[in-house]
C-alpha cells in the first residue's frame, strides 16, 4: 500500500505571483483524480511530487520516506510521470529506443531491457511501430508511447497529467483500462483531469485545487452534489447532470448515463 | 458542372509522396454551402489529410497522388487555389505552427492576415479588438504570443483565422487543449456564425452533435457514413470504435426513442422526444 | 486606445539604441570586427574590446548573451593555455611551473585571437539584445526588401531560438525520465549528443509547418500593406553609406596586407 503525505508545502514560482500552499494532504487510495481550473496548481503539485522542482517549505513523504532524500534511481522507481504534451516527453530516434532509454536508467542487463521494452510496447499496442520515428506518430500514438516509457520503468506511483487529452475513443478506453489495472495491481495512480465525464465515471476519490490550495477531498458524488463548491472552483458538472438539469430540471447528482438509468429504474 | 451552392467531393483518393498507403479512398460526398460539417474518426483515419485537401495544402504545398475532384461552391482547391485561399482560413492541429513568429504581441499576430490582405489601419484596429473580445484574449493583446498557455494559444490560432471573416473555415481539432468552460464557450460561439462553411475535426462528439449540420465519419481513409448527426450516430458500426454522445447513451438506456429505433443525439431532440412520450 | 503600438507615444520608454536602425547596428558589428583584423596592435585590440563591451553594457543584457560570453571565456582560457604551451612560434619563456614552460609568443597570439572573438561576440550580442526579430523584419520590409526575402532571412534567425527552445524541452524531459544529474559540462554534452538528430528533425518539421501556415495566411499576397518601422531612426541612410564605405575600405586594407606578403 502506497501513501503520499504532504505537510506544510509551499511553493512559489520565481517569475509569477502564483503560490501553491498545501497544509496537509494524504493520498492513500489507489486511483485518485486531481481537478481544478487552469492555474489552480495541479501541474505544479505534480512537478513537486516528481522532484522536478523543490518546495520552498514543507515536506513530501512517500511511504514514510522523505522525497528529497531519495536517490535519483529510487525516485524513478518510486514515481513516474506522463506529461500532458507527449512531444515534450519524447526525444529519441525510434519508438523502441525511446522506451529503451527509460529502462536503461534503472537496468543494465541487455536481455532484460529488450524484454521490458517489448512488454511495454505490447501493452499500449505499439509493437508494430517500434522502428518508426516518434515524431511521425499521430498524437494518440505519441501519448501511448510516452505512457509506455513510464510503464517500462514500472514505478510504484504513476502520475498522469491530462491523460485523456489528444486521445481518440479507442485509446481513451485503452488508457482507462490500463490505469484501472495498475491500481488493482497495488500501484498508486493519480491523474490530473479536466474531463468531468471521465472523472465521474472512473474515479472514487477526487482532490480539488483552487488558487493553489486543496479545497475538497472526497467522492466525486459529494463534490458534484455541492453546487456552490463546483461553482467556486470554476469546474463544470458531468454532461449527464447538465442534460438532467436542462431537459428535466432535475439537479440531483448523476455520474454517468448508467448511473441515471440505475437511479431511475429502482423507482419504477 | 459544379453546383455553386454545394460542397462536392467526387472520387477523391490520395496517397502521400514517398508513401504506399492510400490515406483517402474514393470519397464521394456533398453538402450545402454555409453549413457546419463535423468530421469524426479515430487517428490515422485521414481527417487531417481531408482538411489539407479542402484547404488546398494538398496538392499546392504537399505532394502526392491526388485523384478525383473537390468543389467548394464554384471553386476548386486544386485549380483555383489562390482565389480560394483568400476566402479560406485553416486552424491547424498544433497552434504553435499557426503563428507567424514575426509578431511581438498577440495584437500584431492577429493583425498579420489583415496586413497581408491590405486592410487599412482603422479597420485593423477594430477587427483585432472585436476578435480578441470574442476569443477572450483582450487582456493578453499586449503580451508576447510565447507567454500564452496551451488553451490561450488555441484561441489565438482561431482568432488569427476568423479575423479576416473567411467564407470557409477549416478547424482541425481546435479545442484539444482548452478547458471545459473554454470549449463550451467556443462551441456556443461556433453555432452563432452565419454565412460560413465550417469544417471541424473534433473528438468532442457531444458538442458536435449539438451544433453540426452534418457529420462525416472516416474509418481508415474511407467515408463510411455521412448525414445528419441523428442519422450518423444511430447507424454507427461498433467495429469503428467511435464514441457516442451522452444524450444518445442515456436515451438508449432509458429507451426514449424518436420512433423506428432512432434515438436522440442532442438536447433539443431529447427534449422533443421526452415531451412526446409524456403527452402520449 | 491603440491596440497595436505603431505610434511612438505608446512605447513606454525609448532607449538610445532604439534610435539606431538594425542595419546600422549590424554594420557597426562588421566594422568593429574588421578593425580588429586589420590592426594587430594589442593595445588597440584591447581598447576595441572595451568599446564593444561598453556598447553591450549600455544595452539590455539578455541571459542568452551572458551565456554566450561565459562559453567564450571558457574557450579563451583553454586557447591561451594550449597556445602558451604548444604554439609553433614559441621562443621566449614567460614563466615555468614544475618544468612546464609557458611561452610569450603563444600567449600573445592567443590573446589577440581572444580579443577578436570577444569583439565579435560583444558586437553581435549588442545587435541581438537591442533588436527583436519583428523590428528587423519591419525595417527590412520598409527599406524595400520583398517580404518573401525578409521572411527567408528571418526564418534563418528564427531557427536558433527554436532549437534552443526544443533543447530546453528535451533536457527537461531527460531530467524527468532519467537519473543523469547533468551538473558538469561533460554530463551535459553527453546528454545532448544522442538527441541531436531528433532535435534537428523536430525543428525542421516546425519550419515546414510554419511556411505552410504563412502561405495559407497570405503573406506573399500582392496587396500586403508595407510595415512601418517601429521607431524613427536617426540618419539611417547616412550611417549605412559611411559604415559600408569604412568596412569596405578595411576589407581592402586586409586583402592588401595578405597579398603584399606574397609580393
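Chains: A, B and C, in written order; residue numbering restarts at 1 for each.
By our rule, a contact is a pair of C-beta atoms (placed from the backbone, for glycine too) under 8 Å apart; a residue touches a chain by one contact, two chains touch by 3 or more.
Source: prediction; values computed, not measured.
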| item | value |
| --- | --- |
| Most remote chain, CA-based centroid, reference being chain A | C |
| Chain pair with more C-beta contacts, A-C versus A-B | A-B |
| Whole-Å gap separating chain A and chain C, where each centre is the average of the chain's CA atoms | 43 |
| Cα-centroid distance, chain A relative to chain B, in whole angstrom | 29 |
| Chain C to chain B touching residues, read off their complex | 2-6, 132-135, 137, 151, 154-155, 158, 206, 209-210, 212-219, 221, 223-225, 227 |
| Chain A-touching residues of chain B, taken from the complex the two chains share | 42-44, 93, 149-151, 176-177, 179-181, 184, 203, 206, 241-243, 246-247, 249-250, 253-254, 267, 270-271, 274 |
| Complex interface listing, chain A residues touching chain C | 50, 52, 71-73, 75-76, 81, 83, 87-93, 101-102, 105-106, 133-135, 149 |
| Residue numbers on chain B that touch chain C, as the complex places them | 55, 57, 60-62, 85-86, 88-90, 92, 94, 96-105, 107-108, 111-113, 115-121, 124-125, 128-129, 132, 141-142, 160 |
| Of all residues in chain C, those that touch chain A in their complex | 169-170, 172-181, 194-195, 197-199, 201-202, 205 |
